[in-house]
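Each of the next two complexes has chain A plus one more chain, namely chain B in the first and chain C in the second.
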Partner chain A sequence: MEQLLDAALFSSTLRVVTPILLAALGGALCSRVGLFNVALEGFVLVGAFSGIVGNYLFGNVWLAVLFAVLCVMFFSLIFGYMSINLNANPIVVGISLNFLATGMTTFLLRAIFNVKGAYYDSTMVGLPKWDIPVIKDIPWIGEVISGQSPLVYLAFILMGVLQFYLFKTVSGFRLRSVGENPVAAQSIGIKVRKHQYTAVLACGVLCGLAGAQLSLGQVTMFTEGMTAGRGFIALVATMLGQANPLGVMASSLLFGFMDAFGIRLQGLAIPSHFTNMLPYIVTLIAMFFFKDRSYLKDANKAGGSSR
Partner chain B sequence: MSIIKQNLRGLIQPLIAVVIGLIAGAIAILAVGGSVTETYMEMWKGAFGSFYFLTNTLARATPIILAGLGVALAFRAGFFNMGADGQMVLGGLSAALTALYFPGPGWVVLLASIIAGIITGGLWSFFAGWLDAKFGMNLLITTLLLNYIATLFTGYMVAYPFMDKTGSAAMAQSEMIEQSVWLPKLFQGMGLHAGFIIAIVAAVLLHFFMKKTTMGYEIRMLGSNPLFASYGGVRRGRMMMIAMLVSGGFAGLAGAGEVLGTQYRFLDGSLTSANYAWSGIMATLLANSHPLGTALAAILLSALQTGAMGVERNTDVPLEVASVIQAVLTLFVSARIGYTFWKRRKGKQKNGTTT
Partner chain C sequence: MLLQMENITKHYGNVTANQAVNFDLGEGEVHALVGENGAGKTTLMRILYGMEQPSSGSVKVKGNVVSFANPASAMASGIGMVHQHFMLFPSFTVAENIVIGREPTSGGVFDRKQAAALVEKLGEQYGMPVDPWAVVSECPMGMQQRVEILKVLYQGADIIILDEPTGALTPLEVKELLANIKSLALQGKSFIIITHKLHEVMEVADRITVLRDGRLTGTLAATDTDAEQLSRLMVGRELVSLEKQQLELGKAVLEVKGLGIRGPKGKGKALLKDIHLQVRAGEVVGIAGISGNGQSELIQAISGLRPVDEGTVQLAGVDIKGMAVRDIREHGLAHIPEDRYLWGAAKDATVLDNGLMGHHRSLQRKGLVKGKEARAKVSEWIRQFGIKAGSLDNKIQNLSGGNLQKLIAAREFAHDAHFLIAAEPTRGVDIGAMETIHTELIRKRDAGVGVLLVSSELTEILQLSDRIVVMYEGEIAGELSAKDATEEKISLLMSGGNRQT
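Moving on, here comes the complex of A and B:
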């Protein structure tokens, strides 16, 4: 057990969790304004791809992150326009945007880099690893927390910022009111659409960062469909955390920990199939225990499975 | 007359979408410096150009039709079943195992395998429906999660207990099924097998089921106006479980058909990497969950996919251009579908979000 739960395990948990957490925070913002965003998977995929493209074009990792954020913001505008202006069912739009993201990235991968499946360039510089001055000298904690990519720290800072924004500021309260009761919000002069667009665009920014962490963080490469369901896991984290940033973080950490733990268990001669299954099973069990009917109803109102 | 009109109206929307999709494809082709007419000619030839290519397209369409029909049924009832992928691989695996180990003459085993595939897919899907109806766990999420579990489980089954150890290839696959259990090919030397006929019959049957039976009516009512349905005495939870059972059954049948008609064994990843289930969901979205329309849309999507292979063989344009076309036309249609969905919902939820 000692060897199973060492510092490296928690350090890799943080790495695994970052894209999920960022996307899930975006999802939480969207559900706070009454849009159930199934397109997170596609958003993150576009972010990951445009991160690599940005790096290729500009040769600078920060510009690449910026480029990823801008691309996903544009992509999220499609989601916003269709579900807010055209009144399309957000779930249906989300599903088709996921198709579009997969189709576009595989096509552009061929068109731009002329490769199939994956693009990797060893000269490309990924996100740096930051050592935090004092913390890195603390024995166990330093090993876990220090030496991560800046986006890892940013994710947790953004979580705090969002928690504060949503529950302690007037503007955050207005944003929440849009999701709670649009009619009431409208009647006291809150611009419903403006808040919805703000949330969708912010979701785009967060998913762009998530994608950049995925393709530029640990390894500097893009593979077809490299999100591998992380966007959907983020969606689960959003629901489990009841669109509450702290809760979203807790459920993302649960999944990330299980993911990292599963990889660790492979050392014990358990077939990788079962260890890879672990996070999904644990998530299902968590869904069973932590469900909030009132929040579910909100999601349903937004066109969930149980309209 | 009105029936013809109604069916025509159902066709116009997908047709416009196809045109838009082709325009998007043309832009993509121009972007990589290809010739639009030449590419589309090659695409047509690759999909329908000869009898061989035609049967190839229809063979590929078979699992897409079946998976799409299952999803269409669930969508009609208002349930977002995203788990066709998992239901399909489980159906395929259990069909393969039944075909390998069930005793009896060939046709009995074949029948048993198909039924096993349907039941397994159905039960897996039913599980998700049960979780939602009983415990309020969101169906869309559970079906997505169950996909991963099903895919990994089938992978384990053919990588360890049922792995093919007879051949030299160390691949995660089951043993080859005996020839007497195979679904017969419709034409000598062509890929098209009897599963296609099953799929078409299933589409027609589902169409009449939805149109003519009480239960079909209840399902449509539940999807279009849940409040009215519950007022009329439709029990949503029960209906959800039944709809999911049947929906998964179709997906399971799709997997069984692929295993018994094309691959003759269960090969890990062969069903998921071909994207049959997701193409089925696309077909459903394109056809607005209309069973016959879903079958047509499935053939169209399959034609795009096989056609793109022809493009890849004969021009410099990459075959991924097909996925761009598919995605754009799905997106275009979805906006319209969404509109009708919304109109139906408006009655019960009159809030001012849109003004």
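Moving on, here comes the complex of A and C:
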């Protein structure tokens, strides 16, 4: 057990949790304005692909991240326009965008790079690993926390920012009111659509970062369907965390840990198909405990704790 | 005059909702706007509140001609509206609900402490104290109503429109609300109250404007008129007073013995305790009580919607305890449920589908619904009860509450049942519809059906019942025959005084 739960395990937990956390925060924002966004998977996939394309085009990893963010924002606008302006069912729109993302990235992979399956270029530079001064010298903790990509740190900072925004600021309060009762929000002159678009676009930004971490964070490459269900895990983390940034972080960490732990177990000759099931089994069990609680009820409590 | 609406006309396509209506309001005045469903009251107020534009006519506030493109600009001119269905955020606190849109801040952050203080002060100033930290979903309806009014006051309204303000309130809450309105009017606030409850109108209004079919039929001072004259103006004809003849009572159709339901999870106070109740063929038994004293549980226990812990329930001699709802209904139960949206209708289904519910088994051939017959049947009800339903394929959520209630009542009356539960059968329906439903209830009784009437309207209970049972805290507090029942006696029993069991 000692060997199983070493610092490297927790370090890789932080790494794999980042895309899930970022996407789940985006999902939380959407569900706070009443749009259940099942397209997280597709958003992240587009982000991962455009991160690589940006890196290829500009030869600069920061511009690549920016490019990924812009591409996913554009992609999220489709979701916003369909479900906000055209009043289409967000679930249907989300599912079709997921398929669109799979097809489009596979097609463009061929069209742009002329390869099938995966694109890898050894001259491409991925995201740097940042050593955090002072912390890196603390035994164990330094090993876990230091030396991650900047997006890992950004994800946790954004979690705090969102928690503050939603529950402390006036704008966040109004944004939540839109999801809680759009008709009432409109009746007091709150611009419902504006808040919904803000949330959807912010979700695009977060998913763009999530995709960039995926394709530029650890290995600098893109493979077809490389999100491999992480967007859906993020969706579950959103629900499990009751669309509450702190809760979303807790559930994302749980999934990230199960993911990392699963990879570790594979080293012990436990089949990967089994370990891949772990996050979902945990989800099902967790859902059982949350059966009486909607995230709105949790919003109650969140409102209470921020007194 | 604070407000003048002159010659307001509003057409929707070929339909004229308002035809040359004049309406005015003075400072500190309470002006009631009454009329049946579809008489154009709501349209007129939507025009005033900027939700609709008039086809012609003008609106003047404090002598200046105004035109409101949206509610926000109406609000800016000091007009506020409390909608029939509350516009509240259930998981937010009272203070958050009141200050939303104009939140106090300190350093860019929503200052909830200051909001609470403001709300507390506002409540005190207008004699409507609230707990600013309470979560709205946990507040009773009367408190939510108060939050709505405080919200409008916080937004700086001088003219307050109340759309059917008492529909969801208990009698006690209604009393409080009316008292609040009067005291606010003394402080210079002006009210427009849309309603069809005439005794409330007579109690609180200074003037009353009656609309019928989109036209003004009269504006009267409350001191010069009475409820009878108003109802004539509303309906446009004399109302038939209910004739009840004495009947030979038949066998017991409902026999409840020692019925009990324990509190949630077996703990806490029992919801129902040792209920003995008999309804015989050809009588109307009225159940009075302040809502929440076990009436809902009793109905649900009888109709099979809720499991029973103790005692027996017999319908026409058959023990129905533990039976499925469908079997109970087949043993002769018809049921107009108290909450028409929760138990009575499927919001997204059509008028036809909702009308068919419960009749679908008798109207089928080999598992397929006989479409033609079904349509004919539902159309017949629509004609008979004067339901404004649009087409049969209209979604039920587009119907007004009163019309939906009429449809549900018609559907249940059509069952050939020997026992009928009518729970709040006329909640939110207008006088004409109320008359129809009451007449039909009495006709059912005369035909030998046992009727259990549950109502929070004492006048309804007194008017229809042969026997009145009063419930208090899950028990039967007393029973009165129609002859010696008075509003005072019932009220006393309802409030737990003078137990006579």
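Keep in mind that, in the parts below, the second predicted complex is superposed on the first by the 291 of 307 C-alpha atoms of A that agree within 3 Å, B and C clash if a C-alpha of one lies under 4 Å from a C-alpha of the other, contacts with A are read in each partner's own complex, and residues count from 1 in each chain.
The rule we apply is simple: contacts are C-beta pairs under 8 Å (C-beta built on N, C-alpha and C of every residue); 3 or more make two chains touch, one makes a residue touch a chain.
What you see is a predicted model, and the numbers here were worked out from it, not measured in a lab.
Undergrad: Could you say whether A:V183 touches chain B, chain C, both of them, or neither, answering first, second, both or neither?
TA: The answer is both, since A:V183 touches chain B and chain C.
Undergrad: Contacts for A:K168 in the overlay, against chain B (first) and chain C (second): which applies, first, second, both or neither?
TA: Touch status of A:K168: second partner only.
Undergrad: Look at A:T283 in the shared chain and tell me whether it touches chain B only, chain C only, both, or neither; answer first, second, both or neither.
TA: first
Undergrad: Is the number of chain A residues in contact higher for chain B or for chain C?
TA: Of chain B and chain C, more residues of chain A lie in contact with B.
Undergrad: Report for A:T198: first if it touches chain B alone, second if chain C alone, otherwise both or neither.
TA: A:T198: touches no partner chain.
Undergrad: Of the residues on chain A, which ones does chain B touch that chain C also touches?
TA: Dual-contact residues (chain A): 181, 183, 187, 296, 299, 303-304, 306-307.
Undergrad: Considering the complex alone, what residue numbers of chain B touch chain A?
TA: 28, 31-32, 78-80, 82, 131-132, 135-142, 144-146, 148-149, 152-153, 155-156, 159-160, 226, 236, 240, 278, 281-282, 285, 318, 320-321, 323-324, 326-328, 330-331, 333-339, 341-342, 345, 349, 351-355
Undergrad: Using the touch definition from the top, list the residues of chain A that touch chain B in their complex.
TA: By the definition above, chain A touches chain B via 34, 38, 78, 82-83, 86-93, 95-97, 99-104, 106-107, 109-111, 116, 181-183, 186-187, 192-193, 196, 229, 232, 235-236, 239, 271, 273-274, 276-277, 280-281, 283-284, 287-288, 291, 293, 296, 299, 301, 303-307.
Undergrad: How about chain A: which of its residues touch chain C in the complex?
TA: 168-170, 172-174, 177, 180-181, 183-185, 187-190, 296-297, 299-300, 303-304, 306-307
Undergrad: Tell me, which parts of chain C touch chain A in their complex?
TA: That would be residues 71-72, 75, 83, 87-93, 96, 100-101, 103, 105, 108-110, 112, 133, 135, 137, 151, 155 of chain C.
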